[in-house]
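Below you'll find the structure, written out as C-alpha cells, and then a few comments.
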Amino acid sequence: MSTTLLVVQTLNGLQFGILLFLIAAGLTLVFGVMDFVNLAHGVQYMIGAYLAATFTALTGNFLWGLLLALPTALVVGIILEVLVFRHLYERDHLSQVLATFGVILFLNEAVKLIWGAAPLGVPVPEMLSGNVVLMDGVLYPVYRLVIIGAGLAVALLLYFGVNHTRVGMLVRAGASNPRMVSALGVNIGRLFMIVFGFGAMLAGFAGIMVAPILSVEPGMGDNLLILAMVVIVIGGIGSIRGAFIAALLIGLVDTLGRSFFGDLLRLFMPAATASQTGRAIAPMLIYILMAAVLFFRPAGLFPARR
Amino acid sequence: MTDTPLLRLDGLTKRYGALLVTDNVTLDFPEGELHAILGPNGAGKTTLMHQVSGLIDPDGGQILFEGRDVTALPMRERVRRGIARTFQITSILPGFSALENVALAVQGRSGSSFRFFGIAASEKALNEEAAKLLSLVGLGARMDILAGALSHGEKRALEIAIALATQPRLLLLDEPLAGMGNEESARMIEILKRLKQEYTILLIEHDMDAVFALADRVTVLLYGRVIATDTPDAVRASPEVRAAYLGEDAA
Amino acid sequence: MNEAVIPSAALPKGPFGLRRNLLPAVLFLAFALAPLAVAFGADPFFQSILIRIMIFAIAAISLDLILGFGGMVSLGHAAFIGIGAYAVGILASHGIEEAHVQLPITLAVASLFALVTGAISLRTKGVYFIMITLAFAQMIMFFATSLSAYGGDDGLTIWTRSQVFGSDILGNRTIFYYVTFAVMLGCYLLCRAMVVSRFGRVLRGSKENPVRMEAIGFSPYRFQLAAYVIAGMMCSLAGFLLANQAEFVSPAYMSWQRSGELLIMVILGGLGSLHGAVIGAAALLLLEEGLAGFTEHWKIILGPLLVLVALFLRQGILGLLTGKKNND
Amino acid sequence: MRGLKKVLLSAVAFAALGGVAQAAPAEKVKIGLVTTLTGPSAVLGQQIRDGFLLSVQQNGGKIGGIEAEVIVVDDEQKPDVAVNRVRGLIERDKVDFVVGPVFSNIAVAMFKPVVQSETFFISPNSGTSNFAGRDCSPYYFVTSYQNDQMHGVLGKHAQNEGLKRVVLMVPNYQAGKDSVAGFKRHYEGEIVDEIYTSLGQLDFSAELARIAALQPDALFTFMPGGMGVNLTKQFRQAGLADKVKFLSAFTVDETTLPAQRDDAVGFFGGANWAPDFDNEQSKAFVAAYEAAFDNVPGTYAMQAFDAAQLLDSAVRGVGGDLSDKDAVRAALMKADFPSLRGEFTFNHNGYPIQDFYLVKAAKREDGKYQTEIVEKIFDDYADDYAGQCRLGS
C-alpha cells in the first residue's frame, strides 16, 4: 500500500465522516435535548436530497437548488413536528419508535409516489466538477473537498452556536439536565421546535450535499440512519463534540478498513485467507468498534448526561 | 470505646472534579445509636450516605462494617451484610402493590430467586412477614394498594418497611420527613422512635425538632468536612456550629 | 421522563382471574380451531398465513419477555431467528436432518450467543442498549452473508424439512400447524409462569427501579441476563420453525428492519402482556397481507396507521380490546 | 378477505393498463407475477410488471386466446415474504404459471415451493447457475439469460480488444462472486485486483482511489441499482472515465440511466438486447412501452414481455388445455413466439440460447438515455452449465 493511496483514502474517510456528522449532529441534538428517539431522521435526509434534485432540475442551477431546498426541508421538518412528533415528547421511547417507524414507511412510499421508484441524479455543479492535483498523479474531486469544507463549516457554526449563544446554552443545559431547563421558565415547546427544525434542516442539508455524488432513491436514508445512530452512540448522546469525533472515526475506520484491512491481515495469515477474512470482517468493523467502545464506556466517549 | 463500632468511616474522601464533597471524614457509629447528620444544603450529607450504602465509590478512605472492610463491596453485598437504606427521593416500585414491594425484599434474603415456577405473589411466608412489617409502619390497611398510588407520607413509610425487610443491622435514612405535613411528620417520628429501639440508625434530616428529639448523637457537616460530632445538646451549644450553620436559624 | 417510561407490567392481584384469562383463552382457542375452518371449506392457504403469524408470535412473545417485563429494548432480536434458521439450514445441508439433533444444537448456539452478547450489552442502558444489540445482530448478519458455502447473501434452500425420528411428518401442513401452535402455546405458558415466579418478580422489579432492587440486595444484571438468554433461546425456536416453513434461510432474516418489525409487533399489540405480542404479530402480518392485496403502495396506509396507534392507543391494540382508558 | 383481495389485485393490475374486460369465463389462464415493488429496487420490478402486462394488454387481456388473470404480487425483496406470497398464489389462487422474480436470491427461495407443486415457473430476469445445471427442473424456464453470460460478454470483449490489465470490482455477495467467475471465463489477461465492496455501499471513493493508483486498462464491475448510479457518478467525478474503460453488467441500463445521465454516456455493458435493436417487433414494443409508461424499457421489460409472449404461444399450442403438463412443457420448449430479440430458442435446461451484444450508453435526440448495440459478441450462446443438467437430452 502506497502512501499516496493512504492519503487519498484518509481524505475519503474524512469526507464520509463529515457526511455522517451532518446527519448525526441533528440526531444527537434531538436525542439528547428532547430525549426523543427519532427514527425518521433518515427520511429527512432523503427528503433533502429529493428537494435538491427537484429544485436543481427546475432552476437548472445547483446553488439555487440548495437555497430553495434548505428552507423547504426546514418547513417539512416543522410540519412533521407539529403533526406528529410534538405529541410524543412526553411519551416513552417505544411509542416514539412506533410512530417514527410509521413516518418512515409513509415518507419512503410517498417519495416513490411523487418522484417514482427510479433513482434520480443531480449533476455536479459545473464550477465544482473538476479535480485538484493533490500530489503528482493523485487527483481529488473538487466537489468532495467542498463537502469536507461545508461539513467543517457547519461543525464550527454548531460549536459556536452551542457554546456561545443563548439557545445553545439552553440546548447544552437540556442535554445534561432537561428538568432544569423547564425549571428556568424557558418555553420548552418553542425550544424543542427550534431544535427539531434545525436538526431536520441539518439532515436535509446533508441530503442536498450528497445528491450530486449519490443516487437519490427511496429508502436512501434507512441505512444512513443506522450509521448515524452508531455515531451518536459512540460519541455520547447529546454531545456535538462526541458526534463530530465519532463520525470521523467511523468514516475513517470504514473507509480505511475496506481498503486496507485485508492487507493488514496478510501480515498474520496466508494471502488467500487474509483477503477472504478481510472481506468478511470489513463491513463488521464499525459495529465491532461500537461494541468495543460501549464495552469500555457504556455511555459513549463524551457522555453529556451524568 | 473498647468494642468495635458497628460502622466506622476512616478518612473517607470524595471529589467531583475540583469540588471536595467528602473531606477526610472519620466517624464511629456504635451499635444501637441513632446518629443524625446535619448540615446545610450541599454539605455532602447525601453523598456520604451514598458511599456508606455503596451507591457510589469513595476516592479515598475506608468503610468498616462490623470491623470488616466493605469499601469495595457493591451495594447489594452490603445489603446482605446488613446495611439498608432509604433515599432522599422516594425509591419504591410504583407498579407493585405495597405488599409486593416488601415481599420482594423479604424474598431477597430468603432462598434463591432463580426459581422460574410457582407464583411468588402467593408465597405465604413472604407475604406474612411483609404484612407484619407494613403494620409496623402503619400501612396495615393499605397493603393491596399500588405503591405508586400511595400518598407521599405513605410512600416514605413503605420505603422504610422495604428497608426493614432486608433485616438490616444498620438503617440509613435520608430525610424521611422531607416534604411531609405536620400530621404525617408526627406519625413518622413515632415510627422512628419505635425503630430506634431495635436498630442502629444513621439519619439525615433537616427538621431540627425531630433531630433533637430523636438523636443520640449529632454530626454537623460543612463543605464535606465534619465540624462537630457530639450529643445533641453539646452540638446545639457549640459556637462553631452556631456560627457556621445554626447561626442563621438562631438569628 | 425516566420514571414510569414504560407502562407498568405489574400484574393485578389474582393473576389467574377470569377477566385476565378470557382474552388469551379466546385467542389461543381461535388458533387451535382455525384448521377446522379449513376442513369446512375455508381457504387452505389461510392456514399457511396463520403458521407464519404464529412463528412471528413466538419471536414476539420472547421479545415481550425481555421488553415488557425486563425493560430491555433490543433492536437485534431477529439475530436469534437467524441463528435458529441457519442451524437448520447448515445442518440440513450436511445431511443432518433429525430434529432431535438440530434442536439441541439450535438452542445451544442461541444460548451461547445470547450469553456472550447479553453479558456485554447489559452493561449499557437505554438507547445505548438498543444500539449495541443492533450492532451484534448486524455482525452476525454480515457473518452469515460471508458464508459462501451456505449461499452467502443468496441464502440456502432447505431440501428436506427437519425429520422427526426418521419421518417427514413436518411436511404435513396440518401437523406442522399444530407443532407450531404447541410451541407458541408452550412459550406463552412458560413466559406467563416465569413472569409471576420469584424470578419474574425480580425481573419486573429491575425494570421498574434497578437502584431499589440493588438496595434490597438483588443484582438486576444477573436476572436480566438470564431473561435475555431465555428469550434468545425461545426466539431461536421461531427461527427453527421459520426455516422449516419457508424451506429457505437467508441473512435477510436477521436484518435490523426485521428486528424493528418484531419491536413494532410487541408495541402494536400491547406491551407486557404476552398475548398482546401474539395479537401484534397477527395484526401486523395481516395488515401487510391485506393492504398489499389492496394496493402496491400499502406502506402509505400502514405508516399513518402505526402513527395513530402510537398517538392514541397507549396500550396498543390490547388497550382497545380491553377498553382500558388511555390516561397515564 | 380472500375473494376481495383477488378481485382487487386483478383490478389493480388491469387498471394500470387502462381497463381490460373483466368478464370471468369458465376457463381462464391464471398467472402469478411475483416482482419487487417496494424498496430501492422497485424500479426493476416495475419494468417487469409493465412489460408483462403490456403484452397481455396488446393481446386484448388474453393469453393464448383465453381470458387471462394476472395477479401481481410484491415480494418486498424479502425471501421469506416471497415464499409466503408464492405459496398463496399456488395454493389459494391455483395459478397456472408463476412469473418472476427480479432477484436471484428471491428466485432461489421461491424455487422449491413452485417447482414441487408442479407449477410452471418462468423467470423474466434472474438465471442462477444451479438451476441451469445441477438443480435444473422441467418446470423452470428462463426468458432472460444465465447470469454469468452477461458478465462473460464483457470478459470476451476485453479479451477481443486485447486489454491487458483489468480490475474487477463487485459487491461482496453471491451474485458478485458469480459475476467475477463469469468474466474470468472469457478473459485471459492480467487481473490486477479484485475488489469486493459491501452490498448497498454508497460511496466508492476508497475503491476508486485504489483503481486510480493501479492504472488498469479497464474496470469490470457489477453494481446493480443505486450502487451503479453512485459508482458511475463517482467514477466520472474522480476523472477516471477518460483513463480507464468502464465495462459493466447490470450497472448502466435503462433503469439507472435516468439518474446517471451524462455521467454514464460512453460506458459499456453487455446485454441480450437494447432499445435500438433493429427489428420490427422490438421497435413497436419500445414505442408502445414509452407511450404507456413514459420511460425507456430495459432488458427487464423486454424479457417480461417475451415471457408473456412465451406463455401466449404455449397456451395456444396446447389449445388452452393446461391439464397435460407434458404437453404444456413441450409447447413452452418450442418457444414459438416472435421474440423482441429476434432469434430465441430454449436449451434442454429451459435456459435460452441467444446472441449477446456489447452495448454502450448514449443520449438520444429526444434527451432520454438508453443503451445501444455496439457489436455482437456471442452468437447463439448457450450457457456453460447446461451440461450438468440431466433433463431431456
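We just call them A, B, C and D in the order they show up, numbering each chain from 1.
To be clear about the criterion, a residue touches a chain if its C-beta (ideal position, glycine included) is under 8 Å from a C-beta of that chain, and two chains touch if they have at least 3 such contacts.
Not measured: the values here are computed from a predicted model.
Judged by contacting C-beta pairs, the busier of the interfaces C-D and A-C is A-C.
If you average the Cα atoms of subunit C and of subunit D, the two centres end up 36 Å apart.
Subunit C has its Cα centroid 31 Å from the Cα centroid of subunit A. If you average the CA atoms of subunit B and of subunit C, the two centres end up 43 Å from each other.
Centroids built from CA atoms put subunit B at 48 Å from subunit A. Among all residues of subunit C, those that touch two or more other chains are 145-146, 299.
Multi-chain contact residues of subunit A (touching two or more other chains): 109, 112, 279, 283. Counting only residues that touch two or more partner chains, subunit B has none. In this structure, the chains touch in the following pairs: A-C, A-D, B-C, C-D. Looking at the complex, you find that subunit C touches subunit B at residues 3-4, 8-11, 13, 15, 193-194, 196-202, 204-205, 208-209, 211-212, 214-219, 223, 226. Interface residues of subunit A facing subunit D in the complex, by the touch rule stated above, are 2, 4-5, 8-9, 12-13, 15-16, 109, 112, 116-121, 123-124, 129, 131, 138-139, 141, 143-144, 212-220, 223-224, 255-256, 258-259, 279, 282-283. Residues 43-46, 48-49, 52, 145-146, 148, 151-155, 157-159, 242, 246-248, 250, 252-253, 290, 292-296, 299 of subunit C touch subunit D in their complex. Within the complex, the subunit A residues that touch subunit C are 31, 35, 37, 84, 87-88, 90-99, 101-110, 112-113, 178, 222, 226, 229-230, 233, 237, 279-280, 283-284, 287-288, 290-291, 294-295, 298-300. Across the interface of their complex, subunit C is touched by residues 1-2, 4-6, 8-9, 12, 37-38, 72-74, 78-80, 83-84, 87-88, 91-92, 104-105, 108-109, 111-113, 128, 172-175, 177, 199 of subunit D.
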